[in-house]
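This is the structure I have questions about; it appears just below.
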Amino acid sequence: MNAIILSALLGVVMMFSSILTENRTIIRNIAIAGLLILLIGNLLNTYTVYSFNIDSHNMLRFDKFGLFFNSIAIASTLLYAILSGSDVVKVGNYPAESFALIFFALCGVAILSSYNTLLMLFLGIEIMSIPLYILTGSDKKNLKSNEASLKYFLMGCFSTGILLMGITLLYGASGNFNIESVHSTSNAVTTSYNYGILAPLGLILIFISMCFKVSAAPFHFWTPDVYDGAPSVFTSFMATIVKAAGFIAFIKLFSIRMADLGPSSSIILSTIIIATLLVGNITAVFQQSVKRMLAYSSIAQAGFMLFALYGNNDLSSEGILLYSAAYSIATIGIFAILIKMKDYTFDGYNGLAKKQPLVAAANTVFLLSLAGIPLTAGFFAKYYMLASALKSNGHAVLWLVIVAVLFAAVSVYYYFRVIQAMYFKEGEAETTEISSKFKAGLVVMAILIILIGINPSFLLNWFYF
Amino acid sequence: MNKIVYLVPLFPLIGFLINGLGRKSLSKSLIGIIGSATVLASFIVSLVLFFDVKAHGASIVDYFNFINVDSLKVSFAFQIDALSSLFLLIITGVGFLIHVYSTAYMIDEEPQHYGRYFAYLNLFIFSMLLLVMGANYVIMFIGWEGVGLCSYLLIGFWFKNDNFNYAAKKAFVMNRIGDLGFLLALFWLIQKLGTANYADVFAHASSLSSFDVTAITILLFVGAMGKSAQIPLYTWLPDAMAGPTPVSALIHAATMVTAGIYMIARSNVLYSMSEVTMNLVAIIGLATALFSATIALKQNDIKKVLAYSTVSQLGYMFLGLGVGAYTGAVFHVMTHAFFKALLFLAAGSVIHAMHHEQDIRKMGGLKKHLPITHITFLLGCIAISGIPPFSGFFSKDEILAAAFAKNPIYWGLGVAGAAMTAFYMFRLYATTFLGTFRGTHDQEHHLHESPAAMTIPLIILALLSVIGGFVGVPEILGGHHELRSFLSPVITTEVEHHIEHSTEYLLMGISVAVAAIAIIFAINKFSKKPELAEATGFGKVLSNKWYVDELYDTVFVRTTLAKGKFLKNIIEKNIIDGAVNGVGKLVNYSSRQLRLIQSGLVSGYILFMVLAIIVVVLIWVNDGYIYKFFSTLF
Amino acid sequence: MSATQIIFWFLSALALVSALMVLLSKNPVHSVLWLISVFFAISGHYILLNAQFLAIVNLIVYAGAIMVLFLFVIMLMNLNKDMEPQKNMWMKLAGAISGGCLLMILVSLVRQATEIGGKVAEMKTGNIGLIGNLGKVLFNEYVVPFEISSVLFLSAMVGAIVIGKKD
Amino acid sequence: MIPVLLILIPLLSGLVTFFLKDEKAAKSWSLLSSVITLAVVFSGLFIYDHNSESNFNAAWLPALGSSFSLSLDGMGKMLTLLTAISFPVVFASTYKNSYKESGSFYGLMLLTQAGLMGVFVAADALLFYFFWELALIPVYFLCSIWGGEKRIAVTFKFFIYTFIGSLLMLAGILYLYFQTPDHSFAIKSLYSLHLSVKDQNIIFWLFFIAFAIKMPIFPFHTWQPDTYEQSPTAVTMILSGVMVKMGIFAVIRWLLPIFPDAVAHFSTIIIIFSIIGMIYASLIAIQQDDIKRLIAYSSIAHIGLMCAAIFAHNRIGLEGVLIQMFNHGINVIGLWIVADVIEQQLGTRKLSELGGLAQKAPVLAILLVVMALANIALPLTNAFVGEFLMFNGLFQYNVWFAAIAGISIILAAVYTLNMVQKIFYGNTVSITANAVDAKNNVQWILIVLVVVVLLLGVYPQPLINLTKDTVNIILVNR
Amino acid sequence: MPIQYYIILSLALFCIGIVGVLVRRNVIIVFMCVELMLNAVNLLLVAFSKMHHGIAVVNDKATTVGTDAQLFVFFIMVVAAAEVSVGLAIIVMMYRNTHSVDVNFLNRLKN
């Protein structure tokens, strides 16, 4: 509860701070301080200190998993604010409002990590999404930003409609909005129709809408355009924290309800996983802009994260946390560097290693992590995903794992194009000014990634603490 | 006596190391002395061993485990018995003479190349000694490849000349083809008997099936074909004449090329068990003898004639082996070593005198300029022609008699070959030494007899060529054939042929008479009017060696190269690498196509979503049949 | 056929026809008006189902506020003409067909759904739709989502300002 | 403790090297470090040759069932010895070469060494996978930064190719992990697995493709010639001398004992492919004009034989493979050193542009000839024993396979002698007219290698004894 | 009325909304069609609410079953209102920049 209330309050504080000051640095610092408070509040909540004791009538349930994810999301946002905060306040004329919207979105994230009824799921998604529509369009003079915002908004509303229809059908079948399945103790599943028709149909629609939110193919179409069109700082936020929150919501619901779909659930899921991996990885190969490549790569990463649904065991819940952390840190880092680049194409990175060796090295670590190379956090993230799938399904899922690793190899292709540009090609990579604080931040993040990569329990021990 | 066995190969090895490492610092004379002395030392030790064997019989000296894996134990061991001690004497004895000869022959070389030459020569002696001393097939194989290497190095000694290099490479590669056969035979033995030691192999040979024996012996024979230049692997030997002449004498006449005979004689136990192989060996040997003799008829290079003669004589030896006359073959190895080394060295003396001119059409009348060379060469020619009582007569006769006993046709063809041998040898002799000098004035002016270092070995070898045959005088001529009794512990499966004495006399008479007629004919024909024009008609086919080289070039060399080119340019580049790159291109292509779906139109996106919803619902409606289908796939 | 049924069928037909007309009208203003007609039909259904609170809210919020906002924007943009550029025929066809297919599949599935076979919706009775009952529940059990939706409004407000304000 | 040192010394000194700006310092430091590693290996072989010293176990990821456990058996000792020898040899023989940003170059080299050592000592599948990748990534950077003209594309192909393989292996490792009763990656648990035949037949390929790409065997080899050609020679030496052994090592350590049925089931097909590769690579080698490519194809042919002999799956063949791994490493490094000397001095690697070098560089000529002879497995060079045993093993498996594979020893003679002839024999040409003999450091290194070649050729038994225990484990586990 | 009728009615409205989103190019009308979809959902929710209430009320006169669905409808309306305010702001912004309300007019982001 701390996180939800604090983030809403801090959003209001940010709104007011715009009245009090026009100085963007101060606004940024207020935001960072706010995030710090938020993080502390959430950590306190994790270790049973409730600042706000409100009976939500079982609409929200705060478990360790959700709270821990919250911490990851808030900490990631904190890192994001530290690294890219100065860029956030440069976008548009409303620096404080941008941060306010980020706080509101975080409120949605917190709801999504703790919802216990479909109503809260719906509200959480909306609270998270609406600020994003706005942030996407916040570069008002930029037609790309306009376009992205419009597309995001229209498709987002459409998927909300699908979600609501799903919820309604589910309600029609069960008479309540609880996420727990009333059938969860029933006998062995033999046909898909065991649970009637309305409930599975509703679940399918919810499933599709969630797929849309986490940009799983073929519901991913908004992702490249929106990520590309949105101001880069906000793409960074959307592609990491928001996306991870979408996954948490997805998993929270479907780790319980997936079985209600009957035996076809795994074929539906694997179809979607393969489609996502295919679209994400293959399309990323031909991109010329690093930003757009990252958009497609985020689709590809979503394909891996979907494995958590397949596994649905302790490994998958640990894994999705690890994945969120690894993916968020790496992507925030890459975007932070991207924002500093004058030219977003691959060629724009040519020769960066000569001009900014430290930045290039950190960027390499982030890219290696995204590619899932051992000794980086990304490796264990992918490892957990595949392991969780293998653990519960064994033999039948092996082919899916093989397909996944082959696509992981494809992903190396486009991630390493950036490395090649930085290290092996001659060129004058132009950047805006890079402060030493920024570099220090990058180094810290790179070290974090390597630490998790050497020993993931570094992160996961917190989970069990 | 066992304690000194290791000295035999050790001396040449030391010589190799000293000459090899010190070739830049040592003086030429020192190099020559070291090179020759080490071989002489080996010879002396060999003599001691020889008499020891004669007195006390064979012995095996085991030094260390060379390879010891599981049940396979190959030890580095030497076996000194009658056969090997005889070969030791031939190798070190003839080898020593040739070393001495070389000190003079190669004197014009730069010091470091001079040193290199002697190092190679010593290394060769070392390898050859390993070959014959080894107590198992593996050690024999080590020597076997070692002599091949030295042959390669020495043929290509003058490495500035690319033709010589090609000849060297050809020799090595052809030998390797044979070596593969040897190796396979070796594996076969090891698989069946679990050992490669002669003693064990022969002791357990009877446990081998007849198929195994045939396979093993044929494969071994393939090895012998390569090393001893038998059809079809003979073409390297004439080309090997690119090396310095003493090398031709030592390696390509007296010692290395007889390794095949040594091997088969050594394995006589196995060979005698397979009639098929014996016949094959005889037929190949005979064919080689005749075939190369025909080629020798029309060659104009003094060394080429001798080379083909060597091939032909080796064919005789295999004929002898094939008909079971192992002793005869070994006997012929010995006598051949004497007279062929002599002939080569004498030829070398001629070439030396002629300033490296080798074409006999530009010689003639050398009799008066090179008296010692002339006499010794003549003696060699008589010996090879098989005129009694020269050494060649006894050895060749023994083979022919055995061939007759086996099959009179073998004998008939053998005699025809002998006639050709006599003919081309005396064609060579007459063209070179008789008549008038046909070279340039400059050459004539410089004609001179070779120095003593060259003539003394000639004389010694001539002596041996003359008397060498008396160790194997057959009983019908009143001898005891001491060689046979000496070798009998090793060659246990000698075929005893029983021919009427009268028949045998008749056979001898015929072969001698045929040879004599050929000699007289040749001298008459060529001493006055040597054949100077290019051959025409069938003669051209012969002088072009039946076009075998061309045939091989087309059939094997070019196709191999073409295959390589094909594989490199077509298969590798387009198919295999093409497939690998094709996957990359496919990904790239599908990337370009797939991104077109991302049309930028919201309604298009939503249409895809709606279709996907329909598909997902349909999959669900399908009640998991698709799932079941996939799960049965694995 | 009882009066309830007659009203039901009438309202349903009205809703469907009006919805179709939303699509088919070329003039955006007409579309808005047809949509308002749909909302009225739906509100009628609510009344039929005795959900009076929702019926009123629907009229006030949707027909009253939201649609007026729409109308306002259309007028602002001066779009009350047939000015929509012609869309690709194929796209229209594909859209109609796929929408139809989806409807067909969903309806056929629903018709097979045995778990709701024979169940009926209570008409005209039941008091849960009354404002008093709803209010009690809303401010007791549903106070958390209620408060949380204020965050939604806040952010929508901020958004409308950030986006809509002319710089 | 020995295996830990073997990884730590190069790892830490490699990290230090990154910060050495001075070229001389970087060189000397890395040479020193590699010599120390060599000394540690020797001490492990001769002084601290106890079980307790060659095994190490520490907790790493207990939750995942993986531990940081290392162990040195005979094969591991031999290959760590090879690795430890290779690096000082490479550093010393290329001491005179200069690299831009040499600190990074040597740092990455040492990291590679750490990775290689790790691969050879890892006794835990996940750890093995880690080191497997750790060895790959520095090489990727080494080749891409310091390589030839087409380095980026070529190295990238190499990287992706091997990476696909290792990812498949990862999937296989994971699958095996869930099959173990105690959910563990430890090699012991994997060895005691009794997989169903169906499982084996699938997972076998996941592992084998990874190893086949690494070795590489036909038809997975096309990355290799390009990569060898484009990499800086120092890296090529490591790649072909040590890195390809990773593949063979892994087949022996991780494939044979775990999938006995699949090995029996697929051995024929794999041997056939290996043999096709041998002949194929040999024929192509004959046609090569570039020294590096020639050696690369020659290496493919040799590796093909090793692979075939492994799958012949008998003691003699396996023993042959084990000692040949070492011998091939030594020999091929020797060949590369000569190739590097020629390229550094004359600026070309084209055989058609060379000739007559023996007159100018007699010492180099002799040393190369010895190396070349070892390459064609002449008796009394080290390679003979290995090839003899391998062909023997193959022969025991199938006569015809051995006979056909044997053709490659003829072809090997053709291309190797061709190379020797075209470089050294004949008359000098304009490029070689002013050539001089190899520098002292190269000469001495080569002499050392030649001595090793001959010593092991005459007395190979120490290597055989060293690896005997491994063969026992591999064959008994069946 | 049988619940099936309501389901089919609202599914029909829902799908008409979807078709509208697909076939219209005027972004305002597209948006209106989305609203139509939401209303279809609302109708169905209310119908289900009454269905469940009707079932429960047989046993317990004072049951509040079904209230939650009606409140859900309320929240949907709340959210829809918020969405409309943001959505129309975005549309107005786009119109200001491009003077077009064609949903496909802005098409720079693709491929």
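Quick notes on this one:
So that you can tell them apart, the chains are marked A, B, C, D and E in the order they are listed, and the count of residues begins at 1 in each.
By definition in this document, a contact is a pair of C-beta atoms (placed from the backbone, for glycine too) under 8 Å apart; a residue touches a chain by one contact, two chains touch by 3 or more.
A quick note: this is a predicted structure, and the numbers were derived from the prediction, not measured.
In summary, the chains found to touch both subunit D and subunit E are A, B. Distance from the centre of subunit C peaks at B, each centre being the average of the chain's Cα atoms. Between subunit B and subunit E the centroid-to-centroid distance comes to 96 Å (mean Cα coordinates, whole Å).
With centres set at the average Cα position, the gap from subunit A to subunit B is 77 Å. Annotation: 71 Å between the Cα-based centres of subunit C and subunit D. Centroid to centroid, with C-alpha atoms defining each point, subunit B and subunit D lie 36 Å apart.
Across the assembly, subunit C contributes 87, 91, 94-95, 98-99, 102, 106, 109-110, 116, 142, 145, 149, 152, 155-156, 159, 163 as residues in contact with two or more other chains.
Contact of a single residue of subunit E with at least two other chains is seen at positions 3, 7, 17-18, 21-23, 25, 30-31, 48, 51, 55, 65, 68, 71, 75, 79, 82-83, 86, 90-91, 93, 103, 107-110.
Of all residues in subunit D, those that touch two or more other chains are 202. Under the contact rule stated at the top, the pairs of chains that touch are A-B, A-C, A-D, A-E, B-C, B-D, B-E, C-E.
Subunit E meets subunit B in the complex at residues 18, 21-23, 25, 30, 103-104, 107-111.
Across the interface of their complex, subunit C is touched by residues 4, 8, 11-12, 15, 54, 56-57, 59-60, 92-94, 97-98, 100-101, 104-105, 107, 111, 119-120, 123, 126-127, 130-131, 133-134, 137-138, 140, 149, 172-173, 196-198, 201 of subunit A.
Listed in rising order, the residues of subunit C touching subunit E in the complex are 4-5, 8, 12, 15-16, 19-20, 22-23, 28, 31-32, 35, 38-39, 42, 45-46, 49-51, 53-54, 57-58, 61-62, 65-66, 69-70, 73-74, 76-77, 79, 84-85, 87, 91-92, 94-96, 98-100, 102-103, 106-107, 110-111, 116, 118-123, 126, 128-129, 133-134, 137-138, 142, 145, 149, 152-153, 155-157, 159-160, 163-164, 166.
Within the complex formed with subunit E, the subunit B residues making contact are 595-596, 598-603, 606-607, 610. Interface of subunit C with subunit B (complex): residues 87, 91, 94-95, 98-99, 101-102, 105-106, 109.
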